[in-house]
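Same chain, two partners: chain A is paired with chain B first, then with chain C.
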Partner chain A sequence: MKKQYWTEYESKVADDHYYYERSCIRQSFFTGSEEVFINIVRDLLGKDIADDMNLHTCSGIGYYSGVVPLDTTMTVVARLFALMTEAGYKNFVPSCITSFGLVNEVVDMWHHFPEKLEQIRGYLKEANGKEFDVPENIAHPCDIIYKYRKELKEKMKYSLTNVHTGKPLKVVEHIGCHYAKIFPRQVKGGAEFPQVLVGMIQEWGGEVVDYPERRHCCGFGFSQYMVLANRGYSAANSKKKLESMQPFKPDFILANCPGCTMFMDRWQYTIAETEGITYGENGMGIPVLTYEELAAILLGYNPWDVGLQTHQVQVEPLLDKMGIKYDPKDKYVGKSGAFLGEPEKPTHLKVKAYE
Partner chain B sequence: MNKADVVVIGGGPAGIEAAYNLARDNHKVVLVEKEKEIFGHMQTAYTLFPNFQDASEIRSSLLQKTKHGNITLYNNSEVTQVSRENDFWRVQTINGLDFIAPAVLLASGFKTFDARYKEELGYGIYKGVITSVEFEEMLKVGKIQTANGEKPRRIAFLNCVGSRDEKVGNHYCSRVCCINAVKLSIEAKKQLPEVEAYCFYMDIRMSGQFYEELYRKSQEDFDVNYIRGRISEVAPTIDNRLQVKCEDTLSQTPLKMTVDLLVLMIGIEASEGTARIGEQVGVNGEYNFSKSISLHTADNKTKHQGFFLAGTCKRPLTVPETMADARAAALEIDLYLKSLSQ
Partner chain C sequence: MAELLDMISADIRYIDGLKACMNCGVCTAICPAAEFYNYDPRDVCNTLMSKDEVAIAELLKTDKIWHCGQCLSCKTRCPRGNVPGLLISLLREVSIRMGYFTESEEGRRQYAIKKTLGEHIVDSGYCVHVMHVKPHLHPEQGPVWEWYFKNSEEVADRQGGNYNKEGSGALRKISEESLKDLRKIFEVTGGKDFFEQIDRQSKKKASELKKNITDNVDDNEYFYHVYREKNETQE
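Up next is the complex of A and B:
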């Protein structure tokens, strides 16, 4: 067999000293993912990672939805780079896939049009007096987890194995468009055979599901969802994916983009409510995890500290398969220890019933 | 250093045909072939379009021609260096052969496009995705089958893989793939009458004699279906078949189809030898094909005296075109050699 060209596509990931750019939406959708990532990188891997409270939006969703002009977008990105520069870092790590796509696109445009970079430097200076360096390295957090997946495996208490059958768990992986489709040669495996999540799944004992609509859109698609009239199209795309993967009986879906994780999770509720269809076992849905959440529960974090209770499709059946211990009583308890209240149960999408 | 009248580089149809015609004109010809076997890409052919002539007949004919007394054939002799020395050309090979001759004919041919560059088509990932060359080999042994050894129920042929494709840097048309897909689909139906055959295309280019008739015959007599659209994505199904996606641009609708075999009609590119020798001698043209001094009036001559071209080292050509071009090159070389002796 001759070489596969896509195997040459690699992410360049700095070894240490990361400036973490938190996401505006991920903290709302997957409440524990970013905190867990920082803990893993700082405490388990012993790396230096900056968590800056002065961060702000990257404007990527506005840019990719066509409502924020290019110059404004570039200046906002330049301000983020200025914060990185002021903090003394050179390796930019945007939490959100949209940010990752956007900052790479902006830096690439500056590379090809250096006069634009100078213009943006002027805009930022005029606006707030800030100056910035273009990052030496831009890597997504999933690239960092992928890079250190073997080291993390050594620290893991659980693996992607069904403790009842002894067989590997079957995992659907889905990467965000803005991760691999803008600059496919700069991410491991490119756009057609992205390896970043595959590498984690395989290293941690799971089996990747290859199914007909593996490369199909998750359903977000920006204006598919942002424009109210298009939302049916957004749900229809997620439905197409879910229908395609269902016969393979995946144990869960792993994603690296907030949009993908959100919509493949939440639309399962919408589809169940509107059509009475569910895709998991026994009327349950197929759980959808972020890669940080997955790493965290394998490492032995309390699933409720990671924020898994905020997912639409409840994860207890998956945790049971993995042999992960959890206390149902802690599920809706806040950090203060107070009970936060239990959400209403969906009509069709089943959740685990406790005695 | 061994002397010859002409060194012919490449033992495919062009090289052999030219060598034979030169030999008949009493020139001492050295024919060097880099591979163990001669015939070039003709080696793997089953039948030839548009008349379904058995390719083994062509191979027998070519083999017979190499046995002419004025031809000395060297196999396993990849050319490493071609240089001008005084009024002669010096040709050296990887196995230490060293020739000097007043004339050299470059007939180093083409290579097929490496389908792995079109990652979305899954060649090398999914066993049911094969190239037109591999399908021809299946036809040759009379065993069209899936990776599981089963008879396929449905076969799709995809044209323009590596041709007319900006993404891979090949803007040109390889010219032979459309009619070759027609031929392959008919051959598939002859061997497996129950199989469904679909050809996916951008344009159907039936420019040769009897091509249009064959295209029509494939539809009327063999029920081959033609869909105007490029396949954009291939993925496996739960029963190990292949799902292909494209837009049927005539009906303007997205289309999904499950097939057992996807045959990629891979295009023609300049061979590595063509590119390398062309670079050494300075006759490289666009896409690394070799460049003659005049397409219309001196298509076998180059800007260098005594350095000639024949066949698909210049551009994609059919077999009859290649053979005719080789005979034309032999005539040019014959005239050139005679002019030297006068």
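Up next is the complex of A and C:
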């Protein structure tokens, strides 16, 4: 029945020559995800993708938190576009959902208010002596993975199947608000039924869980999370989602926004510490993955090279279900090859089942 | 006072974000902040549409405009194409420019956000970087984060990062040229003045509240007050 509401997807994702804009949040919390994405696009799909050392923040989190004025943020975005223009690219690929929403919003405002665009051009020229072209194409990296999901499937060593039962894994998909809610028409399925993660999950063998609070915000809230006094707002939103999905017993959560991925991971720890409640099996949590991490483990990357050891909710039960081999002794080893010691164990959220 | 209405009505967020609100309340129904706080985006539209300068100035001095989580779920839903979240973004900017933000407990928190997030942008070129997420300010991040924080270069670089080093790659050091350009952008576009306004007004408020305020975060009594305390009764 739902299908009748789905709008036809007109692919607006460029085929090649991507200018990658790194995300403060994804680099910090899911460092391996950005490297995996570049690797997949460049080496597995054979596409050209720029990783420019001159990049910097888009200032979006500062803007949405109310400490950076609109003109300043627009000019910071304009500098990123100038770097793209200087590098000879036209297809802008922001890794962060906040950036994705922001650059789309900025470009849309410039479209409706050309005098604003001229003012920002003037600011950038005065401040940095730079000029820029507005990108011809803005796509999120998840759009690119979605676009090439079939090609990637052919290269995958594993699938979203429980190797013990032979049944598809049950996956909750969470779409960051600034991906589909600001400009729903640009997204297949719109704000209600965005297809991007659903398409990956189904193509790679999993089953999508539908649950009441599926489209609810994770609760980041920008300024709400930034001060300790208001983090309860953020935790309460994630809790609402976790409570709503728990009865469906999902094997894991897949998200396209690095902020949402981090919050739904960390709040499971906080809720367990403060209330003793856990949402996964046997006192463990529900693992939360980025789509890059998911693609990587299905492709056979070492989970500890991708960064799965940096999640608070432990991923081993999921890897076991998928039949993915890993070396427990390698988990807490650093770049130098040295063992870095193990993190402390939480009070309530189990790190090993039946401990 | 006319200055206030002029500032609001000239902003593209006002022109883009408020057509004619029919008070249906759909935005309030979808709004996660309305679920959690005593906050109503429809009310914000009403006050703005009234063009009553006194009422708008009052709104800018309350906690209400700081409750929104900027998720923009309201943009998807409004049958009239209004965007309460966009109006909030404008009202927050105006509240700071007019110096009204220190009148409310929630508004005063902008000082803590400027000291952390805001200053990080011009100092490091990142809104957020591993080195900024200090475990003592972020107990909710948990023990695995503490482990990452303690071993950040080893852990980041194992994942292909280039932690605080020159060149490209995740978590790299942002080049001096980019930082110089970012600071210049803040100067030319008013971002620097905006930061100074937050500081100036916060210093005034700190002295009224008899809280010590310093440039440093670590021994800054006012910073910790607005960062973690929630003592006053909010309407």
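Keep this in mind: the second predicted complex is superposed on the first by the 344 of 355 C-alpha atoms of A that agree within 3 Å, B and C clash if a C-alpha of one lies under 4 Å from a C-alpha of the other, contacts with A are read in each partner's own complex, and residues count from 1 in each chain.
Just so it is clear, a residue touches a chain if its C-beta (ideal position, glycine included) is under 8 Å from a C-beta of that chain, and two chains touch if they have at least 3 such contacts.
Keep in mind it's a predicted model, so treat the numbers as computed, not measured.
Peer 1: For the three-chain arrangement built by superposition, which of chain B and chain C touches the greater number of chain A residues?
Peer 2: Result: the larger residue contact count on chain A belongs to C.
Peer 1: Is A:Gly323 touching the first partner chain B, the second partner chain C, both, or neither of them?
Peer 2: Neither: A:Gly323 stays clear of chain B and chain C.
Peer 1: Please indicate which partner A:Gly66 is in contact with in the superposed arrangement: first for chain B, second for chain C, both, or neither.
Peer 2: second
Peer 1: State whether A:Tyr211 touches chain B only (first), chain C only (second), both chains, or neither.
Peer 2: A:Tyr211 contacts chain B only, not chain C.
Peer 1: After overlaying the two complexes on chain A, where does the chain B footprint on chain A coincide with the chain C footprint?
Peer 2: 191
Peer 1: Okay, in this complex, where on chain A does chain B touch?
Peer 2: Contacts found on chain A: 1-6, 190-193, 210-215, 247-248.
Peer 1: For chain B, which residues are in contact with chain A within the complex?
Peer 2: It is residues 114, 116-117, 119-120, 122, 124-125, 233, 235-238, 243 of chain B that touch chain A.
Peer 1: Per the contact definition, I'd like the list of chain C residues that touch chain A in the complex.
Peer 2: Residues of chain C touching chain A: 11-13, 15-16, 32-33, 36-37, 66, 69-73, 75-76, 89-90, 92-93, 96, 106, 109-110, 112-114, 116-118, 121, 125-130, 133, 137, 140-148, 151, 153-161, 166-172, 174-175, 177-179, 181-182, 184-191, 194-195, 198, 226-230.
Peer 1: Would you tell me which residues of chain A are touching chain C in their complex?
Peer 2: 22, 24-25, 27-28, 31-32, 34-36, 39, 51-57, 59-72, 74-76, 79, 101, 109, 112-113, 116, 123-124, 126-128, 130, 177-178, 180-182, 184, 191, 216-217, 219-224, 226-231, 233, 235-237, 266-267, 269-270, 304-307, 309-312, 332-336, 338, 340-346
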